[in-house]
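Let me begin by presenting the structure, written as structure tokens, before commenting on it.
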Amino acid sequence: MVRPMLQLDKNRYFSANPEERRIARHLFDLVKDLPLLCPHGHVDPKLFAANEPFPDPTALLIIPDHYLFRMLYSQGIPLESLGVPRVDGGAIEEDHRKIWQIVAENFYLFRATPTGGWLKQEMVEVLGIKKRLTSETAMAIYDEIQDVLKRPENLPRAMFERFNIEVLSTTDAPTDTLAYHRQIKESGWKGRVIPAFRPDNVTDFMAADWQHNIEKLADVSGIDTSSYAGFIQAIEERRARFREMGATSTDQGVTTPFTIELTADQAILLYEKAMRGEATTDDARLFTGHMIMEMARMSIEDGMTMQIHPGVVRNHNPGVYAKFGPDKGCDIPSATDYVTNLKPLLNKYGNETRLTLIVFTIDETTYSRELAPLAGHYPAMKVGPAWWFHDSREGMLRYRRMMTETAGFYNGVGFIDDTRAFPSIPARHDTARRIDARYLAELVAEHVLDLDEAEEVIVDLAYRLSKKNYRL
Amino acid sequence: MVRPMLQLDKNRYFSANPEERRIARHLFDLVKDLPLLCPHGHVDPKLFAANEPFPDPTALLIIPDHYLFRMLYSQGIPLESLGVPRVDGGAIEEDHRKIWQIVAENFYLFRATPTGGWLKQEMVEVLGIKKRLTSETAMAIYDEIQDVLKRPENLPRAMFERFNIEVLSTTDAPTDTLAYHRQIKESGWKGRVIPAFRPDNVTDFMAADWQHNIEKLADVSGIDTSSYAGFIQAIEERRARFREMGATSTDQGVTTPFTIELTADQAILLYEKAMRGEATTDDARLFTGHMIMEMARMSIEDGMTMQIHPGVVRNHNPGVYAKFGPDKGCDIPSATDYVTNLKPLLNKYGNETRLTLIVFTIDETTYSRELAPLAGHYPAMKVGPAWWFHDSREGMLRYRRMMTETAGFYNGVGFIDDTRAFPSIPARHDTARRIDARYLAELVAEHVLDLDEAEEVIVDLAYRLSKKNYRL
Amino acid sequence: MVRPMLQLDKNRYFSANPEERRIARHLFDLVKDLPLLCPHGHVDPKLFAANEPFPDPTALLIIPDHYLFRMLYSQGIPLESLGVPRVDGGAIEEDHRKIWQIVAENFYLFRATPTGGWLKQEMVEVLGIKKRLTSETAMAIYDEIQDVLKRPENLPRAMFERFNIEVLSTTDAPTDTLAYHRQIKESGWKGRVIPAFRPDNVTDFMAADWQHNIEKLADVSGIDTSSYAGFIQAIEERRARFREMGATSTDQGVTTPFTIELTADQAILLYEKAMRGEATTDDARLFTGHMIMEMARMSIEDGMTMQIHPGVVRNHNPGVYAKFGPDKGCDIPSATDYVTNLKPLLNKYGNETRLTLIVFTIDETTYSRELAPLAGHYPAMKVGPAWWFHDSREGMLRYRRMMTETAGFYNGVGFIDDTRAFPSIPARHDTARRIDARYLAELVAEHVLDLDEAEEVIVDLAYRLSKKNYRL
């Protein structure tokens, strides 16, 4: 059989039912060219500060993408052979062409996965590739991408503009100086790249180098963090500096959504214990639960939108962690209870209309059982979109089906791309907009919504809800 | 854009696939005019005893409907402004036109929700409204509904007959005198309104005013409830009186489906402790678990169908509870284990063909994992239909898809509307019958069932299973 | 209405969307005649050793099938009346015609269930029945099947060949002598019937007759099992004998997937305690968790594929168990945690490419939350197909939808029929191949996969993945 060209059908991801497909197409056309709001992600701000050409296809698309190399690893391909850097600086494959060839030969592994879909779209629409990536075409495509990346229109800032990104938020530790953000601002370039405040490295006693981070927090804030009061003050100070650089939101990644209101004395005792290097896992859990409450209080005071991302067992594979460090595809979701854990937080701040608290989940069973019922009641709470492994065609459809009937469309917050892979951003938003169009088309075809209602909702989902809830 | 009229497509909620839609239409037509069996609900019997006109649109449709105002509240609209009565009698909005206007302006929040669908159908089919509810049309529609409600054909009893309700069960505490049921019976009106026996306010030591309820139970039964033996006897006596008023079923709302068989001595000790006002939460859990067993025993003796509704964290929001009381949209589902919890009950009574035990869930993960396998084995156990938040298009489809392959159609019990909102009853049954027709049409189109089989099943689901399992 | 003939539509189980149906048909045609690989099942090897005619329809289709009689039992039909043997040898229905009549009269209970679908297909394609099974046709069909079973082409070995089975694995205890397997081998018949090594009866202290099993293990292996070291050696010896008889895999059925690495001393102490008859439930849990680790070690050494089947509460109904013994439809799934429980095993052996560890689940919530993320990372781990209650049209579709986007197609292992019911094997594989064709057709119609990709994947799912992962 002749291998077809690499092509993107304009009706991809819509239902094959002709009526639904026609309506989906109509709805999608209303939003496909809207600006991209990217209020939550992990793109490195240095990219736009330096604005240098991307080095090569492998460095751009493979080595930084743990979605991609985790799948290859699962089929027995060593991470070293994919150029993933070792913590000890040990030998890894340095020949990026060889790595690209391995990926090409195993690209069938990504059939029907989001990674496969995004990469295909990136290759066609961002990089202009017309051939399928196979064992035979790998080197020719490598060369072609190499050429493309040298062109000025593919410098990071030019891409940012071409992608029609209205605002892109990075995610940054309180100990970060935001030097790159400052550099971008002072460069005169108009691209809006803003930080988001993620305090995990100082609020979680178990974070790597916690005591060192506390010292860095003192340095960067100019506030003595040896006491709990100083620590809180330093956090408030850093939030203020983040806001100056454009930040509108915070984020907390936690193992469970456990929250608790400690007395000042209890918090002080725990903090002092941690400063003496004596904190236990349970102390860390209590203090993190308390700091979620504190962050809510601060958000009410300074108006930043608050995000919580719980439910992930980080670094499940200690062998890979020891060799390659964190974020290597070894984070695994686990069952999460929001109803009991969030109760103290919601009871104290959930009725507060000044607070926007966006809760994410990676445990899909909580969509219809816990999150939709909670968000459909508490004014402060909203539910984040389908996240991480579930930011996929089927995953996003399940999200809409299990969330909408109880929470409605308006207790959600629009799409987030949550990515480190900058060139994949348009493909990710495109996919989300297509799935929303598909879902709404089904509702119209089944006479649940009138067409004019769906026309309004699709714009809300693609643009307005994000703008409003992230206060962009 | 011209806003379309308010209209109900005759094929709404069916699949957009023409073949499936045609078959669904055919199947739905077989049941759409069957009488409504309403064996489980919360309509106030006073409505039919008094048979007075409904006061106004807001009093009829908004203020009593916690599904509706919970969504408005989630978007920051205070409950006071929606006329929800405060426990302390504090000031609330009294102008029902103003409340109606707020609802109209925020009616977009209900897009794709069951509340939105039911209300739309009620307005068209029960109240004859032809315009969409918007900010502009709100007052005109209010006036129109006002007029409609004054007509004799819209008195409660007339509506009951027009809705073609064959039997409607209310839900009543053992301490209830059933005066309204008696009044209805003695009025000569032929409408069959029956009570259901729900003993939570006396079986749960943690119920508000438990000791007072125990005294009321003594009053209403004429039996001394100061001892455990008297308490049990009083419950049996009340069950007998309920049966005299037509009751065919009992219901228990419990936090978990925990069951346990206590010895008589253990039960007595717990009861005495509670009577001294010393019962702990754990005592309450044990006693409730024991009383589920006792209720099963009584059901075997007196033939009443037994229902259990577990898995809801009641009054999750203490702020709203303190101000507005229970049933204000603050009940949140939580993960529920049936396999371990129901084991004592099923081991003792599950093989008993004289018992019909209907188990409900609000944790959808238990459909295919626990409830279908249990109901597909134990003769006594049946699974209640998709309940509460899941009594919706998608929710009912998920129920059928996850339940049928293991439990079959015949370990279910037909639809229940479980509503306080009397005029929404036809819309709720209509939706359920449509979704069942849609599901069966899919099975016929995919050659899983023959058409004549589906024709039989649709009538079973819409009518016969309910009649049989609730012994109507 | 005239009851239609019993017929199987050639497009059954495909989507009713014409485009998807056409593609599904095309894909299914590519695999429908491929040989059947049956690497996991419970067919009795004696069947092929003896090669005697099947006795009668009831003995063949009803009495050994706990899927079937559990449903009848759930509707109040006593197991005695279905001919299920009692442990105490008490009276049961002996008239197989009467039993067949009961099944026929209640056959509507199986509408839309996998059991109903398989049986229908068996009757049409294996037994040549043309009439529907009803109260009226029951006896005529019984006679017809009786005749059919006497023909030489319906002897077990002839059926095996006619079904185009390439290899069929039974499941056998270490204490089994494999006499039937030897007999088959020595008979000169070419049918490949191999054992699989399932050591539960000696690795689980709580297994019925554990101490007796340990003695039998000594007998059959010729190794003294009075010490832990001897026990391990005997297991290794039995694995070697199983491999000689063709075994390529092991299987462990465990309550939870709990794993733990004990020291040799800890293991010895537990084993000695159990030998003294003093082991507790918790001891059994620890030892089983340890033996999973040991089995992984042995698999790395001898190359056998390793399977784990956790999450089932066995014999939930003690009344039925006491009367009728195990495997009577009383095993109920329960919520299962893989992320924490498998961590010790995966941390020690999960990065090992020589190991193939196939993990099954009966808790569907773990597909997208735990199993796909784990299998999409750890090289050793694969996910078994939709299992037990979920080996059904909807169940297999849910499996594909929730597994594929994160784990891809290639961290699965193909279909297993897992059946005791030999004549149902073709129907089971046919159903699985249809559902995979349907799922892939949807992906092609929605432009997620190109057709040529789907053509490759369907063969992988129907044949190649099983061959590779079970090392057939």
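A, B and C label the chains in the order they appear, each numbered from 1.
Rule of thumb we're sticking to: a contact is a pair of C-beta atoms (placed from the backbone, for glycine too) under 8 Å apart; a residue touches a chain by one contact, two chains touch by 3 or more.
Given the structure is predicted, the values throughout are model-derived calculations rather than measurements.
The rotation relating chain A to chain C, fitted on Cα atoms, comes to 120°, given as a multiple of 5. At the interface between chain B and chain C, two copies of one sequence, fewer than half of the residue numbers in use are shared by both copies. Separating the centre of chain B from that of chain C, both taken as means of CA atoms, is a distance of 40 Å. Multi-chain contact residues of chain B, defined as those touching 2 or more other chains: 17, 335, 365. Residues of chain B touching chain A in their complex: 1, 3-4, 8-9, 11-17, 70-71, 73-76, 108-114, 117, 313, 316-320, 329-330, 332-335, 362-365, 389-390, 392-395, 398. Those residues of chain B lying in contact with chain C across their complex are 17, 19-20, 335, 337, 339-340, 343, 346-347, 350-351, 353, 365, 368-370, 372-379, 381, 401-402, 404-411, 442-443, 445-450, 452-453, 455-457.
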